[in-house]
Amino acid sequence: MKLTLAEPKYLKDSISIISELVNEAKFNITKEGFELVAMDPANVAMVIFKLLASTFTEFNVDKDEQLAINLSNLKQVLRRSKSNDVVTLETAEGKLKIEFKSDTTRTFSIPLIELEEKEQRIPELKFPINVTTPASVLSEAISDVDVVAESVTFLGDPNKLVVSAEGDLSKAKIEISAGTETQIKASDDKVKAKYSIEYLKKMIDGAKLADRVNIQFNSDYPLRLDYLAVDKVMLSFILAPRVEND
Amino acid sequence: MKLTLAEPKYLKDSISIISELVNEAKFNITKEGFELVAMDPANVAMVIFKLLASTFTEFNVDKDEQLAINLSNLKQVLRRSKSNDVVTLETAEGKLKIEFKSDTTRTFSIPLIELEEKEQRIPELKFPINVTTPASVLSEAISDVDVVAESVTFLGDPNKLVVSAEGDLSKAKIEISAGTETQIKASDDKVKAKYSIEYLKKMIDGAKLADRVNIQFNSDYPLRLDYLAVDKVMLSFILAPRVEND
Amino acid sequence: MKLTLAEPKYLKDSISIISELVNEAKFNITKEGFELVAMDPANVAMVIFKLLASTFTEFNVDKDEQLAINLSNLKQVLRRSKSNDVVTLETAEGKLKIEFKSDTTRTFSIPLIELEEKEQRIPELKFPINVTTPASVLSEAISDVDVVAESVTFLGDPNKLVVSAEGDLSKAKIEISAGTETQIKASDDKVKAKYSIEYLKKMIDGAKLADRVNIQFNSDYPLRLDYLAVDKVMLSFILAPRVEND
């Protein structure tokens, strides 16, 4: 396999975000792209990542390949890339070779690892509400509730999404109304669920990849966030709800 | 009571500075503004703060009110404000409600606390010297002496203010001469006193509120600093002197 | 002695870099400039520093002088200088007096110390390879190899300089080819040696002083780096090699 990216940004930022949730992971390289589906060690969050073949200037894959890698290892190497570097990924002799090429040619190689882990399947979830809003609006809301508590309640109806939290002492509530910036598709019923702020704080870094975020959830049911840069990258998260007596 | 500010800056910066010196405090809300007089826990420094009613776009107070609040709590919430947020403060059910309104509406509420503390009275002090200088000049001088010692000597006469410190090894001396930038009104006698650099380092953050600072002191007598943004905010500090055998 | 600099930059940045390698040092002030030759405490690296008399607006030295100083002390004081300060250095009563003059006059004095240390002599080294390259290229290469290992191999021939490292798991290799940006003068033989990354990370801060760096080394022999700002400052480092069984 040989994959070339004209700029490191999407790979670098994605791996940086994913490595906050997952330590070691198996990438699938298929005709469609460079993909990963992984659970965090506590089994609370799933990461779904696809760097589309169309993002690459060269995407040479004879047959599907799997690369198991330590993500913090990979992140440290990708951090060394500069914005004008052309990045090439190749496998050879149990290693992943990563080349950064601009004025100088800089080559790193990191070990491929053994990963005894069953293939993760993306669960089929149905959501009665679908909110699309600027990624910064969700990021600010999560940072707001982080001031007062450890878990956050999402409450949605066709007119608005309410993000709120209540700590021992203080409370916070953010209303995101449907309008030109925020689109909401929802059934008439209100839906309401509680999620971990610690996990959400890691997920909202998806804002580095896309201007907008798609939010889906249901009462006492998982939440799904999708950050999508068209024809380039998709980074999604599924987060288990917190039950009321948490 | 309902108070509205068109921008969070003066409230946010003031509370951030005050919270470095005082943990819990009682604000007085009167027709004149949003005020506080408080001592630091060690009884070394007094903070006098007034956010004038004229700073507010709405200042609706039927009768004088007192709000006792944990300042680090309040600071954390105000930190979440953005420069274009309209800020509204209201009290209800033993809570202070703080609303930030721009594209979204974000509401926080923090508990009002019980504070068994006698009303602080501002001492009537007379100073033989009064120096007005750019706030940055005082800030730089305090940062300079911080390199060499823990206490600083202020020495003043009609021509100049000398800020100096002497550590076990090194010494520092800053001369601030009267001129176009610095005005000094003083009696002919020299005045000289020593103050804690640790406290002054917290107070010089008043430079966030005002371009100039007014400095008054006397020999072995308190120092008073005034940061004033006309028609908006006044933040003053009174600092006890260090006695010679400190 | 009385020395005046129209801007603090070269002195401030140099002392900041040198103080990372050497704690206490003896400066020689001669007609030629303000000089230092010192070893780091572990005797692995030598620093050679010369701030040329031509950098100073006033360079008044009757006879050669020696100033032994604690460098972290000096660094802390120089940090307080601002870019538009005129800096004056004078000795008096066992102290070094440092004055910063712009709108205000700020004076520091730090103690001269006793330093029982034999005069350091710069070793006469011969190098078969001489590489001149942008300082940033070397800095990036050292930061790259720092991700994977603790020591780095320099391998040079007339066509290229290869900087590489191999850790327990990962590897890194940077090729710097001779061309318009990088000039290499070398004999036909390859030369190869290993050096400590920890030391090199401190030395590459020389990039603050000069745009280009001169690199000389030999097989299992010291490395020499020269950062030169013409007519102003020269900062050089000699670094002992690591032997193969390190």
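Should a chain be cited, it is by its letter among A, B and C, assigned in written order, with residues numbered from 1 in that chain.
Please note the rule applied: a residue touches a chain if its C-beta (ideal position, glycine included) is under 8 Å from a C-beta of that chain, and two chains touch if they have at least 3 such contacts.
Given the structure is predicted, the values throughout are model-derived calculations rather than measurements.
Remark: rotation between chain B and chain C after Cα superposition is 120° (nearest 5). Of all residue numbers used at the contact between chain A and chain B, under half are used by both chains, marking a mostly different-residue interface. Rounded to whole angstrom units, the spacing between the C-alpha centres of chain A and chain B is 44. The set of chain A residues that touch two or more partner chains is empty. On the chain B side of its complex with chain A, the touching residues are 73, 76-77, 79-80, 82, 95, 103-111.
Listing the residues of chain A that touch chain B in their complex gives 137, 140-141, 143-144, 147-148, 169-177, 181.
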